[in-house]
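First chain A sits with chain B, and in the next complex the same chain sits with chain C.
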Partner chain A sequence: MTTRPLPRGTGAMRRTTGLFILLALLCLPWADIAVHTLAPGRELGRLAQGLLWPQWPTTRTLADAIASTLAFAFQGVALGAIAGFGLALLYRRRAVRWLAASLRAVHELFWALLFIQLFGLSALAGVLAIAVPYAGIFAKVYGELLEETDPAPRQALPANAGRLSSLMFTTLPQAWPNLAAYTRYRLECGIRSSAVLGFIGLPTLGYHLESLLRQGFYAEAAPFFYALLILIATQHRWCRGWMIPAMLLAALWWLPPVAPVNGALIWQFLTHDIVPAPLRSGMDALPWFMDLWQGQLWPGLINTLVLAMLSLVVMGLLGVMLFPTVSRLFGNRWTRGLSHGVLVILRSLPEYLLAFIALILLGPSMLPAIIALGLHNGAIIAHLIGQYSNTLVLRDDAARGLNRYFFEVLPRQFRLFLAFSLYRFETVIRETAILGMLGIPTLGFFIDSAFAEFRFDRAVMLLVASAVLNIAVDSFARRIRQRLHLQHKVQVC
Partner chain B sequence: MNRITKTLCISVTALLAPAVLADTFVFTAIPDQDERRLTERFGKIADYLEQQLGVDVQYIPVKSYSAAVSAFRSDQVQMAWFGGLTGVQARQLVPGSQAIAQGVEDTAFTSYFIAHESTGLAPADALTDALRGKSFTFGSKGSTSGRLMPEFYLREQFGEAPETLFNRVGFSGDHSRTIALVESGAYDVGAVNYAVWDAGVEAGDIDTDAVQVIWETPAYPDYQWTIRGDADARFGDGFTQRVQQALLDMTDPDLLTAFPRSGFIPATNADYAPIEATAVTIGIMDAQ
Partner chain C sequence: MTGFRLQQAALTVGGQAVLHDLDITIRPGERVALLGESGAGKTTLLRALREQQPNCIAWCPQQPGLVPVLSVFHNLYMGRLDQYATAYNLLNLIRPTPARRREVTALANRLGLGDQLWKPVEQLSGGQQSRINLGRALYQQRSIFIGDEPVSAIDERQGADLLALVCDLHETVVLALHNVDQALAHCNRIIGIRDGRVAFDSPSDQLTSADIKPLYPSDAS
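The block that comes next holds the complex of A and B.
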């Protein structure tokens, strides 16, 4: 019999949870949650019909899109991993930690918008858009993994052993399994990111999904949708061992990461285009900045925060409600199988795609974004907690049903739940900003406008604001985790 | 290449192939309508230009108005069928580039304001206060007929920004989508390119019981072909002029109705000065 004692500090956890729910409720009056299509049911019916009776594109089109999706993902992740490893070796330096944090605070799609200005709509722009933020993420995770290695072997080395030998023969061998596992996992994230890059014009699966879904050709979109789902859901089966270098070589052959590099253009972008307009023309910068602040920065920040808070709470609710459906402590084999299937679909599909579909069905408001962020992240939380709950051992005469859920399982899983939810906070903020590109007036909306108006000075200003917001939220969430002594770590994209 | 192989070559991966950049004359267009229409329209134009110019010509589709300008800027395309505003943006970003031809209709283009029947809005000679508090969708953020001119006339009439005038302002992305959104009632009112609307009504694609035109803007200059300034250096002396001549000589109704235009006439950068001034006025472009 092993019932674990309730962890200490439950009061603080309750207060934190209450605080988040209260904040979300306070956000409600500012949130725009309404359905604006007259017949969302009919549209949903058409979508379901399209998914059930897909219309196949030419094999060539589908194969091209799959190959490009994988090519961007493999090259981006590989380059990101190499750069990230280099940064991880210097991770003790504060400057490197800041650099890594800023690289990962800007979303892949925003990086892509920037690189497209520099290198055109090219393979290089797509690869860098994934590699740069991923380098920031790899730097952090690799850095922590290297730090966690046992120092004893290192100390046993002779005094004149160089740093390279120490790394190659003591640190790296210890950390290797974890580094490799994490890198493999990141490839799954890379496929998702690569697909989403299609929404702004790179030739991945997202390219076709965007065109076809937007025009309501659901049956034609279905094959691309299934292809993405299958790629991500089966990734851990085929992406292992010698397949990884082989795929990387194939990726380099399929999409050589080259671009029409125009030095003058890049120089002009860096020294002229991104310099705030009043500085270029020698005018007073304050009115320009105040205009930007009142018209875009402030409303963008508020909407990003409002949407993120609401999504976070919806995510939490869904996570808590759904985890029993995949836990061995509840239901039977069939219900668990079904729930597993649904959760895999929800967490495989990028939030951006889910939000795009929800927007078509429900019309433009925050509601589709809340649903998309809540479903995707809630599915991740439910999956993780469901897994952990399987390790619980209950007494033979433990309560069943609702009593088991509320009085046996939920209290024991709550600490874990809070830790995971706080880990998702930063991701939710990052994704919230990007959903603005779909028309919801978060920071991404204004960033997209600035790029559409070719005012890169404003775009960079707004990008910096969104990066600062991400970093602030990340450190806020970390502080709460420390206060509540939540040690569980989770790295999911 | 015959037409069928040409159409098959309109692949989205094409843009990423470095070989394309060598000696092929590549052009794009702002995606103002459904992708199928664009492919049909510009596939034929590529064939025609190839015949007339004696060089390989390729059309490459892009996802957004701004992507068309970016491709022009980074020399991935040497010519583009731009709208009034995107043309001004492109020529500002690529010094030396010039507008060479516009549609006959483009000297006096207009936008329609369209409304869903549930709003009860009726056709009128001016925009009225009945618009207040409705939901409204523009086309693309970079569209002349779907955003720039409609926003200008809204501001002129009401003296305030669309965001305060309407309870909701959206950007549909293109004219086909604007019509679909207002037709379905997702938005009460929208602004749309008159040529796309008229062609849609004629083809029977629009349910005119659900959505109708309530106002037409005054005329302004719109679409034009713009070519990069270094085209002659790359494709031979007089190339720009030959391209212009080929466009002006286009008389095949099959090619022209796809736009839809009745023909092309010469254009200059100066023709679009009013567009630039308007963009500065409504604050989506900095004064130069």
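The block that comes next holds the complex of A and C.
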């Protein structure tokens, strides 16, 4: 019998959890979590009624929206995968890692705002908006997958076998199943991203959802809602094998990624519009920057952090509370089935859409954003932990019910829970910034307003700030994971 | 307190019959040892006995099934989860009550784990974990003890001491053992299992090593 060399784990885990909860409580006084609508219950009733009795649009409208959603997703993910693979081959270089980190630190909606300035509301803008951040994500994940392959076959090759042959004969075949699985999974995220791009004007499902929900036409919005749900929830069934290249070709035919390119305009945007105003006119830069800092950067950063901390804790609580409902260690077939259904819906719908709906019901405050982020991410955590808990083997005389949950299962799953939650931290921060575009004064709110006012220099400055925040949070979360020896790998968007 | 009774029973694992024609009656007060090669079906038989009255039995399985991140205290306390209200259990999970703390400390001292009481069990050795597993069964304070190789990971002297303790604290004891000397020393009845059947079932003082030897044909050479 051997003693397993294990870290000073449990105390540190408890302290970290306590610290996060404490931070969230300290954030509470700064958070605006009021309900601003007069009758949220009545509005919810109307929404439910609309969902139960949908009003069908013309088949053409619905089919167009579905086709465009898929077209943006497939082209964006494909382009992102190709570019990401190229970067992954050079992932050992620090510069490439930094490039990839900054590409993925900016949310696809922000990229879309930028590319719309350059290429108008065109197919190219939408495809690039997905492809660019995804390239950063693919670069990281592909890079790690390639690195994890067994080096022995590579070393066994003849000394002067070229790098390309070495890649094609040893590294790539080993990593292929993982690369393919991850890319397929990423397509699901691509469909979500593509739908969300509709909220800023691209012709996807989100476009119709935005305009119909905003006007309170819930019954008319319902079909688009269901279409999105079904697309995402069934994606892993139809999106496989030869369907993928076929869909990609169809996507290129349906929505050729072209745009009216106006060289002069792009040149002006890059060399003039985004250059900070004082640099352009030779004024003193400090007052300009202080104005931006006090009016937008600082409040935006604080609100983003406050909202993210609260959402993270709500996510954790929901995850911990919901995972037993899908675990085979609890309940029966019916309760698990029902719970699975609810979690699939919450996981499939993008946070942005959930927040948009919650905002209509509750009015503009942080509350809808917390609910949306908490529900979506909490459902993901609950699903993952629930799956893992099915592999636990308990003693014949193990306790049942709450005793089983608190003594047998939760302690065993806590390490995993913490690892997953920390992985979600970066996603939550990214999404928090973006929810600003719905009117919550996080960084995204100020970025969106800057674009609306054509003050691109400010917009870019704020974008850089949000990217830096993402990178900082990511490395902070990674450091905690290392400190707590949480090595579980999860890649979920 | 009733004993156990198996009549013309066949026990299966995953659809495959492991034991046939079992006729075993165990009366209160008996100390029974099951002997046989590994894979003979001792664990299956113990499971079947436990299922006859699961709520009266202190259960000590071969795989301890401890919760790695919880402390020694909590893993011992878990023996009584079904005897207290859930709220009281949760209180003890967060902040052990003085009464339980005293009891469990005394038990841990008896097991030689007094210094480790607040350590997560994942930091302890296999032998120590095995003692905690036994301790959890003792903490249940039942009249019947069923143990599957309860001391096989513990050194012989301490193992003998703990087996004596088990026999002291329980009216009826059923053990699967691979150490024949321990079986003869602590039990008054031995059931030998071979080829899926009961090979012999007799008081321990009437057995000789010649009776026991055929149970372990792979040692024959």
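Quick note on the criterion: the second predicted complex is superposed on the first by the 485 of 493 C-alpha atoms of A that agree within 3 Å, B and C clash if a C-alpha of one lies under 4 Å from a C-alpha of the other, contacts with A are read in each partner's own complex, and residues count from 1 in each chain.
FYI, a contact is a pair of C-beta atoms (placed from the backbone, for glycine too) under 8 Å apart; a residue touches a chain by one contact, two chains touch by 3 or more.
All values reported here derive from a predicted model rather than from experimental measurement.
When the two complexes are overlaid on their common chain A, residue A:64 makes contact with chain B while staying clear of chain C. By the touch criterion stated above, A:265 is placed in contact with chain B alone, chain C being left untouched. Once the two complexes are overlaid on the shared chain, A:452 sits against chain B while remaining clear of chain C.
By the touch criterion stated above, A:215 is placed in contact with chain B alone, chain C being left untouched. Looking at the superposed arrangement, the partner reaching more residues of chain A, out of chain B and chain C, is B. Residue contacts after overlaying the shared chain place A:36 against chain B, while chain C stays out of touching range.
With both structures placed on the common chain, the touch criterion links A:439 to chain B but leaves chain C unconnected. Comparing which residues of chain A touch chain B with which touch chain C, the overlap is empty. Across the complex, chain A is touched by residues 11-13, 15-16, 18, 21, 34-35, 62-67, 69-71, 73-76, 89, 92-93, 135, 140-142, 168, 170-171, 173, 176-177, 180, 184-187, 284-286 of chain B. Interface residues of chain C, counted against chain A in their complex, comprise 47, 50, 54, 57, 59, 61, 63, 65, 67-70, 74, 78, 81-82, 86, 89-90, 93, 120, 122-127, 130, 153. Residues 32, 36-39, 61, 64, 68, 116-117, 119-123, 199-201, 203, 207, 210-211, 214-216, 255-256, 258, 260, 262, 265, 277, 363-364, 439, 448-449, 451-455 of chain A are the ones touching chain B in the complex. Put simply, chain A touches chain C in their complex at residues 1-4, 6, 9-10, 13, 393-399, 401-403, 406-408, 411-412, 414-415.
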